[in-house]
């Protein structure tokens, strides 16, 4: 009854998912790992019991002892592993991005449609965060009427030196892009990117923060403040404005303290702190769905749409213009949400 | 020692200021009133004691028993009364707008500069709201570092039938325009107006809500969600995002109740409820300053800048483009804030 | 139309009320002052215009140019001035306590009853605080059902060296005693005082904090945490628990800031900061009521009841027992609240 | 590597723990069950795979295929199963109460001390709630100085007909008793129970709410408002007041909505909703500790102390007096917290 999972990519996020499979979740275990750095894979395997190390992702996918596959390797390699898993008829959980180009995502969608059933889940963990789920529930219930606008902020305390303005869109805002599509239940039609005053904490030549404006198909306008040198905390904000009311994420601290003339509470320091539980819930949902013979959550289509919107955002960042989002037609496989 | 004030315009807002002068404030009284509808002026005067009724604003201004003048008449008439007060060397408090055209505002600025001293205060009452004052204090203190963005929302529950999309800018957003200039301490350089999905509660042909984007001189970007059919309450939001932190207005309810599975608090129902105290504080500040021989608060220049930015906003609304704000040079009289 | 007010006692609180009458309120002025320290009275008078200085409170009350009297002298002297004002048929605003003994309060009540109309208002300013008013409104509306308990905290940052444990009851908790009577609309039937662990910040021999338990006539139980060495702020909390819900005072800060990993807001530093506006509103209400020929707010009966409950509290503090509160019968004059 | 767990008692709470072991937690499975109602045990076993059904708890404990034992049977039966588990040298997780009498708890403590190592964990799940953990962390850090008071409220929406005033102490307040001991890190020295006005929603003869006052060894005073007919929600409040500040549980809603003139958030409806995650965390902690060869969390001593304090509380409820808590000496086995 225990799901034997193979993990491709044993870097930071891969190790975190392996820990989750080994120590936190119910009904799954790590059966095999692989990594471009075989020594690292072997070290990770040595920390567990009874784990095979494969030379390549393809070998791992082919392993008959692997029931399902987790892809946490470098983004540009996602496509080949997801396609191989689909070809092998094995369920695959792929960390975002599904693939780094529109064309690669389309090949995955095509393959899955040809397979005739969903085999891919993409790791947009915010869909499993309790606060975002409560927000979507309120929006869907109709309590606040038809949505008109959505406000969001994605504040990262700091980023590594190799981070670029483009990555603010493809690595940070991509989550808000998925949230907007999911909470509002519709596609994004156009993107604008505005450049506010640059933070003195950003490296020279780095446009940080950005204000990303998403136009949904129905006209709902989403503004996302995205910054990656916020310093003070990892701060995620969100609000949907409807015709009859609004719904917003609350501050997430569990206790309020009073000292030295202030009441105060903690803002999460990192994305790990903020979304730790969402990762657990997401992954358990996948394990349960796979054990039940299917999959769940964000689909290959969601991964495709996110990548296309990010591409569009990069053009909007370059040109300063409003750029329409061009999506292919949504296959029937992805019709039911 | 009591300031004898003459009030030009005894409509709703005029009557509110008259009540304030008569019953709330210290050091002032209503000495004279006038209105285009003389009967209404007379009725208002009859409710007080020892108040003269003048046939015209010019007569009221000329009345030697009037120490200072309040202009609460219809917007297009403001210019002539403010100019007359300046000519008479009398302090004047003018409700917003200072005047309805850029040219009219320039004539007032020119007259005041020629007079060589400030005689005009414009009624941007948010500058006297405790919450906005606390926000400005935090920004000015440097606690949150250099400002990068500002988010605002101006949600009006409903408006009269004659209200238009243009008035969302000139009547509602004008307050956020002044707040942005005042809190951030700089001029607005350009305006964009985006049109989100239209509320089904708006009359046909009415663009509501709007998302107004203000570019400050330094690049700080201000987004203002402005809606006038929000229905659920009069809800004013604001947040400044700096390099080292943020500051935002809190919900303003004094008590939290728990019932039927919810904790909850009151959102103000009207602008009167939300800003009642700010109006009192503003007006007392003016009375005190006039009693001390000068004036205070938002100047004719602030009134001029607001009108120019509104004009620019109307062009931006029409064209869908980013429109630069063109201001004349700031006279020395308005140099010190 | 301007009320000429005479002020007996020009110490800190007296000067604050004088400033209020001179600079803040509408419809009143300071006509005369007196103080046991005549030089201080004269200095205060010199800062204003046209103010008479009287050698004694009795002289001031007798002054035909004094329409109404404010008593802000030392507590033990309150009785004689209030009685003299009643005898003179002049309205009197008396800072708490009405008088320092049960018997003195009874003499005042007797005198006022004999006069046949209310002439005394006692300075329990919390009744004019917006938060407490909203709390009372919720309780009175029936929204939360019949009250069962009330929780309160009165945290003073520090007190002068002469402050004693007894004064925690008579100077601090007295406000919570009045609030309990007023919000719940009934008398206090018994008092217990418990002694928690003593703060290391309290002087030796000083019992601080205290937990004061008030039993209302109906059985509603009120617990008041009272401390005067809280250090961190002036923090006033309150919650009424009813059969169908609860209502509590919110934190009062106008802005929330985020910095260094925390969201935070200001707790007031002093009672002046916390209740500044309540004092203004209270005093204006008195001025307006007196101008209209009567009085308003907390009555001599309220002052009497508060003093009796404080006395009872002192016995409870001494004995550690539950001590019943014994009040005389409430005269008809005080029947209507 | 999977822990084979035997569950004694397959009622509501037993089934919930079985679901947890089967579907939520990592590293454990249900190997055997038993219940006084054998049909119910069999039905529960049928819903799982490969689960043995034993006629008695003793049989289950003796089963060599059972690594560790969960006791979720009726309170009065706890003692015999816990003693049997200790005798068998098997780790046992016992839902509260550890046992229903002081003497029974002492026999368990004696047996465990004789065994020379901890074999018992008691199910006080609040110690695994994120909010309470954050509260304890703040208290322990010294940030708010030495604790002086603690305020708590335990509001249950409703209870079954068989519920009594005594059970408010033994079933509801017992959690606050454990929290006080754990957060403050010391024993309770005395108990008082006060009876506020009775809710009209309570059955005749039922004293609800109660105000339970706990005196800690150091003098810290804890007041617990406990009600079980609160109707509006399941509302758990807590605040520790220290010499330098305070720490309190925040409202736990993830989103704030604005509608019809109110901002609002959800209060949990039931204890399951409020503490769902705490139960998961608690149980995983036990599974992990047992897998590592020991146990963790609340000990038999904690279970003993809670039962003694509850007994003392019942006497205080009966007599209306302050009743001292008499504990035997704490064995060395329980010295390290």
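Per-chain residue numbering starts at 1, and chain names A, B, C and D are given in the order in which the chains are listed.
By definition in this document, a contact is a pair of C-beta atoms (placed from the backbone, for glycine too) under 8 Å apart; a residue touches a chain by one contact, two chains touch by 3 or more.
Each chain and its UniProt protein: A, B, C, D = Inositol 2-dehydrogenase.
This one's a predicted model, so the numbers in the text were calculated from it and none came from an experiment.
Student: If every chain is reduced to the average of its C-alpha atoms, which one ends up farthest from chain A?
Tutor: That would be chain C.
Student: Could you grab the centroid distance between chain A and chain C? Build each centroid from C-alpha atoms only and quote it in angstrom.
Tutor: Each chain's C-alpha centroid was found; their separation is 58 Å.
Student: Let me have the rounded angstrom distance from the C-alpha centre of chain A over to the C-alpha centre of chain D, please.
Tutor: The separation of the two C-alpha centroids amounts to 38 Å.
Student: Distance from the CA centroid of chain A to that of chain B, rounded to the nearest Å?
Tutor: Taking the average C-alpha coordinate of chain A and of chain B, the gap between them is 44 Å.
Student: Can you list the residues of chain B that touch 2 or more other chains?
Tutor: 232, 235, 244-246, 253, 258-260, 265-266
Student: Building nodes from the protein chains and edges from chain pairs that touch, which of line, ring, star, complete or other describes the result?
Tutor: Chain contacts: complete, every pair touches.
Student: Which residues of chain D touch chain A once you look at their complex with the stated criterion?
Tutor: Going through chain D, the ones touching chain A are 1, 22-27, 49, 130-131, 133-135, 138, 143-144, 244-250, 252-260, 265-266, 277, 284, 288.
Student: Along chain C, where are the residues that touch chain A in the complex?
Tutor: Per the stated touch rule, the residues are 232-233, 235, 251, 253, 258-267, 269.
Student: Spell out the residues on chain C that touch chain D in their complex, using ranges where they run on.
Tutor: Residues 146-149, 151, 153, 194-201, 209, 211, 213, 216, 218-221, 223, 225, 227, 229, 231-232, 235, 241, 243-246 of chain C touch chain D in their complex.
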